[in-house]
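Below: a set of structures, written as structure tokens.
You will see two complexes here that share subunit A, one where it goes with subunit B and one where it goes with subunit C.
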Partner chain A sequence: MSRNAPFKFRLYVAGDTPNSALAIANLTAFCRAELADRHAIEIVNVFQQPRRALADNILMTPTLVKLSPGPVRRIVGTLSQTPPIFEALGLGAAVL
Partner chain B sequence: MKSIRSRHANVLTKAPTGITGFDEITGGGLPRGRTALLLGGSGSGKTIFALQFLVNGAEDYKEPGIFVSFEETAERIVANAEGLGWNLAQLRRKKLYFMDAQPTPDLIQSGDFDLNGMCAALEAKAKEIGARRIVFDALDVVLEHLPDPAAKRREVYRLHAWLLARELTGIITSKNDGAESGAGNPTGHQTFDFMQFMVDCAVILNQSVVQGVSQRNLRVMKYRGSGFDENESPFVIGRRGLEVAGARALGRVDIRVTNERVSSGVERLDTMLGGGYYRGACVLISGFPGTAKTTLSGAFAEAACRRRERTMFVSFASDGTEVIRNLASVGIRLERYVRSGCLHMVSARTIFGSAETFLAHIKTLAKEYKTRCLVIDPVTTLSKSGNEVTAQSVVERLIDWSKADGITLVCTSLLGEVSAEATSPLQISKIADTWIHLNYLVQAGERNRGLSVIKSRGTAHSNQVRELILSDAGVTLTDAYTAGGEVLMGTLRWEKESAERATTEVNEVAGKLKRVRLDAEAAELEVRAKSLQVEIEAKEVEKTLLARATESHKGELSRGRTRLEELRGADVPVPGRK
Partner chain C sequence: MNAKITWCPWEANEEIAALITTLHETEQRLENLTAGEIDTVADRTGRMILLRHAQEQLRANDAVKQAAILNALPAQIALLDVQARIVSANDAWLRLAGTNAVGGAGYEIGQQCLQIADGLTGTDSSDTRRIAAGIQSVLNGSAKSYSIEYPCHSPTEQSWFLTIVSPLAADHSNGAVVMRMDVTERRRLETEVIEATSREQQRFALDLHDVLAQDLVGLSLLAAAAARQSRAAAAVNASDLEQIAAIAAKTCNDARTMAHGLAPVGIASGNLETALRRLAKETRELHAIGVSVTADGYSASNIETQTAEHLYRIAQEAVWNAVKHAQCRRAVISVNVRNAWVCLTIRDDGRGITPGKSTSGIGVKLMHYRANLIGGHLSIDSQRNGGTRIRCVCPAS
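The block that comes next holds the complex of A and B.
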């Protein structure tokens, strides 16, 4: 995988509930630090788009989906702990 | 719309589960618009209970439902449900929605999360299908992923609040392995504890093994704002799902009491009972092995089939075909009725399980076959599988059920060789309407079968012991002889009969002889009387002759004297000349 491949994320949040707000903040901070200029984030509010949550089978919020580069991975939670994120994004070895 | 909804919230109404027995225990079902908690170990039947609640709701009460599965995939649950004969495929199109909610094994977690996503998704779906019922199956699975008890509590409250706000009737199922014994993990225990406080209704399902036989029990632990049966009620998972053996509903008035009589299949027994068994009665035939209990119940079955009443013969002792063959040897031919579909032979040897299972099975089959007459041979088998205490209540409920459905029930009861005549295991004799006892009488090296009617409610019945005779022409009863305070049967009875016949013959002949002799004597006397009469007449004649002769002689003499006087010239006056 190319070092410069852009990361596409979709973050499902439940409005401005504490967990969701925290997740947005954490994700933004993470991307700014680790993936500057090579990421795109789409935020889906399940309260506004419940059918989408249903279709995508999003039950726990917040849920971060890494759409590309493949494979697609899901991370559930506020994203407060970074080691699982590095692992899920395949960035573990490169950064550490 | 809003006003209707708020009225619902104020007054506790109930959502029927459609589960046999459960609605009776709870007085109508689960609290409508509230949450019920279903606790139980693995394999205790939680999922089936919850699913049945949804299926019945969708099918019978026009309440579509959603099933949120945290443990198994929707496909597997649907496949399992098909095994219970529920047609989910059709329901799934409109009235039933399955949501796969099991956390994937490769789930990556970073920090805390909540179930808002699920609530939002469910909200959309509930609106779409107009759901009124919802089930969260194995909620504990998803709660495991939450980092601390506070978070678990928060999410349960969230769900609860969400359910309440939407006035959905909900069931949350959760494992309680060790929760009751206190051996489970402490956090889990806490979660369940507070869930029990939160919900409006809590039901515990448990499964135990008693003497190698599985027994399932259900207990309503709490039910806010409603009375309920607090005791453990046994239940079974039968072919159509859960069936709870509820406490008997008191004051039931729908039992159809009838004066109609049905034939016992033995003519003289009908006479003894004043016309036969009552329709819908429970008849107990007790006796030692080999006293023709099966035969007598077979005769009943045949008579029922002849009346074209659907009959079910449940045999615990032997195979259906064996029973038919054996009964054919005494002139009870059942095969044709089996072929015509009027009679169903059920070999219960193949059913394994507790007494509850048997009862559920019998009930299901009876419903399926629309049985009107039922034979259970022998009913005492029930006490062998599982403990006696359960069997007792099973039998009571069997009788209750058959009465409520107007099914005439004949059950046989096997007595041990040693037990006394008046005791019958399971105490069925107390509740049975008619109790027929069969016994052996051993006399002069033979065993003969004796039949007596010990009791028959509402019927004048004969108090005499009759002899039961089996021949290839059928079953008949004969009077037993009593001689010297002893009842004679079999050969002794026959001997007694022939002896009496002989005596009567001898007496008859002797009488005839005597009459002939008397006739002869009378005839002789008559003859003698006649000859004497003749003699008398002869004597009369003789007497007359004698009188006449004497007269003429006298005349002769006087004439002679006169002549002489004349001749002598005497002066004696002649009487003629005066």
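The block that comes next holds the complex of A and C.
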């Protein structure tokens, strides 16, 4: 994986519910610290776009999907446990 | 739709109780499975459930937002149920509860507004009863909304309030919102404007009586004397005719001056710039102060007459303040018109505004009031190199 490859994330949230707000804050902080200028985050509010959540097979919020670089991976929850979570997304080596 | 349940068999009660238990257990199991990290869950058909903690948080967030909005408003606001009981209120209302300013004590959460009105006696009771009747008319749907402006004086202070009652829902079935605003300042300024107009009319009447009327009497006497001489076949004295002409010319001039004072913009020369130049000239002559006028993008047709009148009065007050209070040597009045907006600025080189000193005299308040009347905004500040700058920005029409 290239050191400068752009990272694309999509975060499914439920409005401004507490865990969703926490997930947005955690992801934003992580990307700013570790992936500066190498990331793009799309936020999808399932309250506003329920059909999209259904089409993307999102059964819980918050859910983060790493779209690129491949492989596509997803993780559910507030993203508070940073090292294990980003290791699980396959980001460990990329950000070190 | 509200279905009214009149009969329910024991078996149904049992089943309802069992379902509620299942709901709670399901919710608890979902919370446990997701370790409290999840807000919503959905099945594969997209049916979504918002978990309890998220529901509570959303409710709390909404309540905080609503309270913040209501508390930010410059009014006392209460929400009434269909029985006119106060079910919630903003901080301003709660601070006011128990004081005389709302027309009676006891306007607290849970109180019934209409009963309070029934128990009142005294000078404020008729207004309170009218408000109660207004609230009732909105709650029962006989009125779309209700508003009343009324005095609420204390022994030491005169106050005026405006109360507006609006239904919570279009069909008037969910209660009403009562909003009460202190309009004392606005009432005071309105009174001041009326009194200022009255003073102006009295001055005009005096001018008419003491100047125009006297001159016209003189003219009439001179003309009568000339007529008598003419009838006696004597030659009319040329100096008498010259005197008649001189008095007539003076009278015309006086009439113009009075008209300028009464309606400086509308009557004088039909435009704001001309009126401001006249104001500058008069100030120069009367007070030996250099006053100049600049106009950019201005033409008489692009400012509404009423707007021009108020802008002139603002400039007049500002120049008067500069002369009287700021002890300035020089002042500049500028009018700029851009994209249907007018900017009137009056700068002087006087003492400026003392930091911390209030600029709340009636003249300043009247300038703000006039700016509001024409949909504009007035600002007053000290300039870096000394002096004061007063600026009014408003729509041209």
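FYI, the second predicted complex is superposed on the first by the 90 of 96 C-alpha atoms of A that agree within 3 Å, B and C clash if a C-alpha of one lies under 4 Å from a C-alpha of the other, contacts with A are read in each partner's own complex, and residues count from 1 in each chain.
The working rule: a contact is a pair of C-beta atoms (placed from the backbone, for glycine too) under 8 Å apart; a residue touches a chain by one contact, two chains touch by 3 or more.
Computed from a prediction, not measured in an experiment: that's the story for all the values here.
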item: Three-chain arrangement built on subunit A, subunit B and subunit C clash or fit; value: clash
item: Contacts of A:E87 with subunit B and subunit C, given as first, second, both or neither; value: first
item: Subunit B versus subunit C as contact partner of A:S20, first or second or both or neither; value: both
item: Touched partner set for A:I75, first subunit B, second subunit C, both or neither; value: first
item: Which superposed partner A:R51 touches (first subunit B, second subunit C, both, neither); value: both
item: Touching partner for A:L11 - first (subunit B), second (subunit C), both, neither; value: neither
item: More subunit A residues in contact [subunit B versus subunit C]; value: B
item: Among 111-119, 129-137 or 417-425 on subunit B, the segment whose C-alpha atoms clash with subunit C after superposition; value: 111-119
item: Residues of subunit A at both interfaces, subunit B in one complex, subunit C in the other; value: 14-15, 17, 19-20, 46, 50-51, 53-54, 58-62, 76-78, 80
item: Touching residues (chain side subunit A, partner subunit B) in the complex; value: 12, 14-15, 17, 19-20, 22-23, 26, 46-47, 50-51, 53-54, 57-63, 73-82, 84-85, 87-88
item: Residue ranges of subunit B in contact with subunit A within the complex; value: 99-101, 103-104, 107-118, 120-121, 123-125, 142, 145
item: Residues of subunit A defined as touching subunit C within the complex; value: 13-20, 46, 50-51, 53-54, 58-62, 76-78, 80
item: Interface residues, subunit C side, partner subunit A - complex; value: 34-46, 48, 50, 53-54, 57-58, 61
